[in-house]
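Dropping the structures in below, format is structure tokens.
Both of the next two complexes hold chain A, though its partner changes from chain B to chain C.
Moving on to the complex of A and B:
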């Protein structure tokens, strides 16, 4: 099991979820995170951005990370304050080099049907960082740009 | 996601409602590719009722577009709201798809 984020800083406690490698778990996780943000009165633009980034991270973890192996899990940690939301997603796969993904916006790649997930995460969140192994992504969205 | 299809002139209009998320992609793929393989090569995809789209669903639109184009047709996008328009611009897929404000405009363009 991946080591989760520290619970000891002053930005609030993390909620941890362990998901099966099953795409049906994606929607429920999004519902939980967006419910928290609605309670904190984040606007629709933020809700859309966080949902998109979370969906892409979860699908990447299940599809590319765990290879849809039902014996592997996906780990999610999230927390939010009125100022920012933080999400981490980790899988049990062998990782990858995010720098090796071709730019999907390049003319020669526009007709490729896949490869846009990481780009969308980077565009819609304020901070996106991958672990050295590439099997854990950390994302931050600030309420104010 | 709810999917409806209808004929309008020579076009197959595919109207989507709800969220085009990962769990909806299979149904979208089946509908769009089924339409192309069934002989509908001019397709208008009405996104006016869609509140969310993921990269996998975008990939389905691209695949259907390429298959339609390969058979001499096209796939046009109609009615995306602001968030979807922004995604099409961010991904530069607005350079690949022709995007219209509504189905009528898309069908009229295909007629030309």
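Moving on to the complex of A and C:
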């Protein structure tokens, strides 16, 4: 199981979830995270951005990371303050090199079906970093750009 | 003649198929797969022209974008085309960011998309 983020800093406690590799678990996690952001009165643009990035991260983890293996899990940690929301998603797959994913916006790649998930995460969140192995992604969205 | 499938509702207008989505969000892989399959079935006829209306759709993910690209490729091989219409501003932004605006013709409304398709055919 991945170690997860430190609980010792002063930005608030993380909520941790362990999900089965099953896409039906994506929706419940989204509902929880968006509910937290609605309670903190984030606007619709922020909710759209976080929802999209979270869903792309979870689908990537289950599909490309765990290869839809039902014996593997996906780990999610999240926390939010009125100023920022942080999300981490880890899978139990072999990882990948995010730098090796071709630019899906390049003309020669436009008709390729893959690579847009990571790109959308990077566009809609303010910070997106992958672990060295590539099987954990950390994302931050600030309330004020 | 109208045709209702699991994900799409189809009507035909002078040879152009107008496709509307029956759900406001296509999110799960199964739904995206079904959408792709239903659109690919419509695209089987050589030279088919399709307008896909996103009226009422407020959310989609890259799964759907991948399916649309598949449909675009299949249609392009036979001289057909898919055009998009009625896209919610937040989703339009997704198309802009991913540069898919350069792959698909996007119209404000389905009515305009149908009219442009028909007028282009008359040229």
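Keep in mind that, in the parts below, the second predicted complex is superposed on the first by the 145 of 145 C-alpha atoms of A that agree within 3 Å, B and C clash if a C-alpha of one lies under 4 Å from a C-alpha of the other, contacts with A are read in each partner's own complex, and residues count from 1 in each chain.
Everything that follows uses one rule, which is that a residue touches a chain if its C-beta (ideal position, glycine included) is under 8 Å from a C-beta of that chain, and two chains touch if they have at least 3 such contacts.
Owing to the predicted nature of the structure, the values given are computational and were not obtained by experimental measurement.
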Subject >> Partners on chain A (chain B, chain C) - clash or fit >> reply: clash
Original post:
First (chain B), second (chain C), both or neither: which does A:120 touch?
Top reply: both
Subject >> Partner chain(s) touched by A:24 [first = chain B, second = chain C, both, neither] >> reply: both
**OP:** Would you sort A:84 into first (chain B), second (chain C), both or neither based on which partner it touches?
**Re:** neither
**OP:** Determine, under the contact definition given at the top, whether A:143 touches first (chain B), second (chain C), both, or neither.
**Re:** neither
Original post:
Where does A:51 make contact in the superposed view: on chain B (first), on chain C (second), on both, or on neither?
Top reply: both
Subject >> Set of chain A residues, in rising order, touched by both chain B and chain C >> reply: 23-24, 26-27, 45, 48, 51-52, 55-56, 59, 104-105, 110-114, 116-117, 119-120, 123
Subject >> Residue ranges of chain A touching chain C (in the complex, touch as defined) >> reply: 23-24, 26-27, 45, 48, 51-52, 55-56, 59, 63, 104-105, 107, 110-114, 116-117, 119-120, 123
Original post:
Along chain B, where are the residues that touch chain A in the complex?
Top reply: 21-23, 52, 54-56, 58-60, 62-63, 66, 83, 87, 90-93, 95-96
Subject >> Contact set on chain A toward chain B in their complex >> reply: 23-24, 26-27, 45, 48, 51-52, 55-56, 59, 104-105, 110-114, 116-117, 119-120, 123
Original post:
Which bits of chain C are touching chain A when the two form their complex?
Top reply: 27-30, 59, 61-63, 65-67, 69-70, 72-73, 90, 94, 97-100, 102-103
